[in-house]
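Both of the next two complexes hold subunit A, though its partner changes from subunit B to subunit C.
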Partner chain A sequence: MKKRSIIPILYIAFLMLPIYWLVAMSFKTTNEILSGFSLFPQTFTLENYITIFTDPTWYWGYINSIIYVTINTVLSVCVALPAAYAFSRYRFLGDKQLFFWLLTNRMAPAAVFALPFFQLYSSIHLFDTYLAVALAHTLFNVPLAVWILEGFMRGIPKELDETAYVDGYSFPRFFVTIFLPNIKAGVGVAAFFCFMFSWVEMLLAKTLTAVEAKPIAAVMTRTASSAGYELGLLAAAGTLTIIPGAIVIWFVRNYIARGFAMGRV
Partner chain B sequence: MIELQDATKRVGNVIHIKPTSLTLQTGHFNVLLGATGSGKTSLIKMMAGLDPIASGKVFMDGQDVTRLNTQKRQISLVHQFFVNYPHMTVFDNIASPLRVAGMAKSEIEGRVEEAADLLQLRPMLHRRPHELSGGQQQRTALARAIAKESRAVFLDEPLANLDYKLREELREQLPDLFAGRGAVVVYATSEPEEALLLGGYTALMEDGRVTQFGPTADIYRNPENLAAARVFSDPPINVARITVSGAQAQLAGGGGWTVPEMADGEYMVAVRPHRVTPTRTSDADVELTGRVIVTELSGSDSSAHFRHGADDWVSLAAGVHPYQVGEDHSFYMNPAHCRYFGQDGQRVA
Partner chain C sequence: MRTENQKAWFFVLPVLALVAFNALVPMMTVVNYSVQETFGNNQFFWEGLGWFEQILRSDRFQAALGRQFLFTFLILLIEVPLGIIVALSMPRKGLWVPVCLVLMALPMLIPWNVVGSMWNIFTLPKIGLMGYFLNDVLGINYDMTQQPLSAWITIVVMDVWHWTSLVVLLCYAGLVSIPDAYYQAAKIDGASPWSVFRYIQLPKMKTVLTIAVLLRFMDSFNIYTEPFVLTGGGPGNSTTLLSIDLVKIALGQFDLGPAAAMSLIYFAITLLVSWVFYTLMTKDDAQ
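Let's turn to the complex of A and B:
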């Protein structure tokens, strides 16, 4: 082994350590976790996972989360696409200010919006629905998606639009059959970031749901407080929450590098 | 036929195209010639409907298209930068306008192959644009313009980004490619030499207006203003101040001749360098004596820059001439080749 590869290996080892610990814990019994230090599960058990996949309160937490995250991702990207196109192609009064203002939405902590959302959604009967969380998350995700997509769209020369119009493409047809295929990397990156934010965001998701649309993060905290510390179960649930993110990262890994290169991610 | 009537273009408060009227005939090869920023691309985009017109009207084949969408104008456009659809194969690129128009599949294939053969693209039909060389990419864009049945074909400096050899090859081919297709061809370029090589008609553009339009050879021979006279000349055309009184012109540095009818006063005379020679060519020649400043020998031609009075002159002659830099030489100019311009730069005689 070459000398210079030691440092990256150490770095990766330290990065992976907490994740390894989580995965290892998920295969241990709660007793073993509490009994002391052990590098590997002494009594290997799948009990924690079986509980999650058989108990509806657990697996519905995942399903709920996936549903509102998906709604949010689709909604955010669909809303951001035309907005980003406008920002990248047209100059209009206050365009730069509006673009900046979009970004400032992301700078406010989610907690600021929890109360108004809760009150508003309760009064229009949106409380405890998938749409409630999905809509609340668009407040943060639409600006992010616009920002990312605008960077990718700017990389497509305006002459491509003009060529398509000259060739007879109507705007909608051009947008779907010519423009979208050429910024699909950007769409992938934007969707990834929307997905990740919505997946890990807990405060709004918890505040705006009760039973019907309860996200996995809420299930985890509530279980922990009612039935004592079921650490093995929590570790298994934690491991499972990492998986969707890992899958999505695998799909967009090449695009993300490009997004970084364009300075937008 | 494309007709512009007092068409103008404005971006904010900046006027990009001043009121312009121009009629371009179907079947003609029209060159828009002007420096970068003179408004060639703006004019093309106005005719293509890509840029809005601030005032005036545009007609195509007699129909008012001022407010008609680009999509409905039945035109083709080739940009300076190679613009193709990156996610489509060469075949699909050429076929795309035909598919949008709803042409039958068998006819599309025939047309694409015909265009591909004309531009030597047949072996590349199933590749994507980024796998092609620059020349092949631009040929793909040209093939798309050819395959489509258009009323007008706009070529916006299509050869500017190609290397020298490819440029010459394509330039030779271009007029033939579009001849007999029943379209108005508009070709923008910043190189006067290209306009001369392509023949046809030329519209000279300067600072957002068309300064002269006509057959290219006419513009070369009879420029309407000093700017037009300067365009087709390398080395630059000689321009000197003269005083006319009683039909006699007098150069400030000495030398006079009889001029066509014009009022007495100050004028500018312009004469091309190859009309100023180191040997006498006719009895009417005017002798100009001046100190040679620089000499250049380019193959079979020799040129000499000399100072005559306060004016710098250039002579371009075939053969090798033994000029001595710093010494006085005699040059001869035939007044029949002189063009006269007023102080405002407009042609007088």
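Let's turn to the complex of A and C:
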């Protein structure tokens, strides 16, 4: 047993190395980075973080990202809830085909959609708005939310619905006051995964924004190319993008696998 | 079981409207472009299947497709066995389990362009930890901006770093669902570790493994941001995978027709392979 645990330890060490390096870089001065190799920051500095928190183009990048991610999460979960309920409770014409078609959108390469999305959202005057990115990300998040929620709802016995109707509950009242509390975990997991995939996606978010709704990712690319590669600043910005994910993941730690399996574990 | 009810369609309508807007309209735009030629000014001429023929025959597309299949093949070959091994050696219970799970999931929650930047900083010669260690400590000549082999190793290792945890998490979820009684029975029968794996653990992991392979196939086949940020497709064209090439043609050169035809071929390949996995997956569901 003891000998076996060396494998996960090595694996986690391998995962942590690049992250450590990013964090270490973010506390170094530009001089130190360029002057040579050092395993730990020699002159510990917060300068890079101060730059990010005082420069509006930087911190607005984060705020923009958080805004469209939040809109996307709320929207995806809200439309997915009734659909998942229908898939888990009823058979109807074309249900299997529809379910698979939803999954195909998760398979589509984002690169395929970059140009048509740009034209579509420009033509309805949503280009460079939070709503455009939030709507575009529903392409893969809504199918994901439907799949995850359906997996959780299947675990709730149908007797619960029937008892509620016998007791005289109307459907909306049953859904909100009885059914939803029973699948709390599922809603949490679905929301987490929508948050996550919207947060990490970059190609569409960058294509659909210019100035107003520019995500942090795009701000970083611009810095990398224009400001002569300020590695310390880039590292600090990168470190800050890890934090939201690290916080929310703790809450769903017991359900991560179920979410990744789209509710199929 | 589920009851027949056509009114259930009303519940599905919002999803249908939203996804149709996002998927069908752009898809029709792509189909439109793929059969027409344009010289700007919004003038279009019927082109038929010419673009498809041109793309399928072009060396550039075939090379990118070949690189893409090689990349995905390498990813599956490394990540799936490695994920199984790590999952098998994880402790089943204890205080450390949630900590391990969270640490393992962390790479997947990092924005994809940050993953690229992070590996760039990590592998820079002289400055990066890995670049310094390989070049100055081990004396291996490693520079991914110059050598195609270094670039390939870097993008493969980066993806292993980024996504192996997905396989680990899924397999682990399958493993913890095995009751202790199975292991005790195997012990009494004097089963070897291999037969425990082959006849108890592997069958339990079958469904999750199919899902893991499906997801890893789809995502590695569609990968764009991480290698783009890390290598930009270079040196030369050596790491230009399908998505990178597609974006180059569509947004760089603005060759709408060929780009659209390529999009459809690309999507069709992803769909076809995924469908095979999907039927395997739902066959298990039905049993």
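The criterion applied here is as follows: the second predicted complex is superposed on the first by the 252 of 265 C-alpha atoms of A that agree within 3 Å, B and C clash if a C-alpha of one lies under 4 Å from a C-alpha of the other, contacts with A are read in each partner's own complex, and residues count from 1 in each chain.
One rule holds in what follows: contacts are C-beta pairs under 8 Å (C-beta built on N, C-alpha and C of every residue); 3 or more make two chains touch, one makes a residue touch a chain.
Predicted model only: the values in this text are computed from it and were never measured.
A.B. asks: With subunit A superposed, do subunit B and subunit C clash or fit?
C.D. replies: They fit: once the shared chain is superposed, the two partners occupy separate space.
A.B. asks: On subunit A, which partner's contacts cover more residues, subunit B's or subunit C's?
C.D. replies: After superposing on chain A, more of subunit A is contacted by C.
A.B. asks: Touching A:80, do we find subunit B (first), subunit C (second), both, or neither?
C.D. replies: Touch status of A:80: second partner only.
A.B. asks: Return first, second, both or neither, reflecting whether A:8 touches subunit B, subunit C, both chains, or no partner chain.
C.D. replies: second
A.B. asks: Could you say whether A:105 touches subunit B, subunit C, both of them, or neither, answering first, second, both or neither?
C.D. replies: Second partner only, subunit C.
A.B. asks: Using the superposition on chain A described above, determine whether A:173 touches subunit B (first), subunit C (second), both, or neither.
C.D. replies: The answer is first: A:173 touches subunit B but not subunit C.
A.B. asks: I want to verify one number. Taking the Cα centroids, what angle sits at subunit A between subunit B and subunit C, in steps of 10 degrees?
C.D. replies: 90
A.B. asks: Quick one: is A:162 in contact with subunit B, with subunit C, with both, or with neither? Answer first, second, both or neither.
C.D. replies: First partner only.
A.B. asks: Taking the superposition on A as described, I'd like to know which of subunit B and subunit C A:181 touches: first, second, both or neither.
C.D. replies: A:181 contacts subunit B only, not subunit C.
A.B. asks: If you've got the overlay open, could you tell me the nearest Cα approach between subunit B and subunit C in whole angstrom?
C.D. replies: In the combined three-chain model, subunit B comes within 7 Å of subunit C at the C-alpha level.
A.B. asks: Which of the residues in subunit A come into contact with subunit C in the complex?
C.D. replies: Touching subunit C: residues 1, 4-8, 11-12, 14-19, 21-22, 25, 33-34, 36-37, 39, 75, 79-80, 82-83, 85-93, 95, 98, 100, 102-117, 119-120, 135-136, 138-139, 142-143, 146, 196, 199-203, 207, 216-217, 220-221, 224, 231, 234-235, 237-238, 241-242, 245-246, 249-250, 253-254, 256-258, 260-262, 264-265 of subunit A.
A.B. asks: Under the touch definition given earlier, write down the residues of subunit A that touch subunit B in their complex.
C.D. replies: 157, 159-160, 162-170, 173, 178, 181-182
A.B. asks: Which part of subunit B faces subunit A closely enough to touch in the complex?
C.D. replies: Listed in rising order, the residues of subunit B that touch subunit A are 45, 48, 50, 69-71, 75-77, 79, 81, 83-87, 96-97, 100-101, 141, 144, 148.
A.B. asks: Can you list the subunit C residues touching subunit A in their complex?
C.D. replies: These residues of subunit C touch subunit A: 2-6, 8-9, 11-12, 14-16, 18-19, 21-23, 25-27, 29-30, 85-86, 89-91, 98, 100-114, 117-119, 121-122, 126-130, 132, 136, 161, 164-166, 168-170, 172-174, 177, 207-208, 211-212, 215, 218, 221-222, 224-225, 229, 242-244, 246-247, 250-251, 256, 259, 263, 266-267, 270-271, 274, 278, 281, 285.
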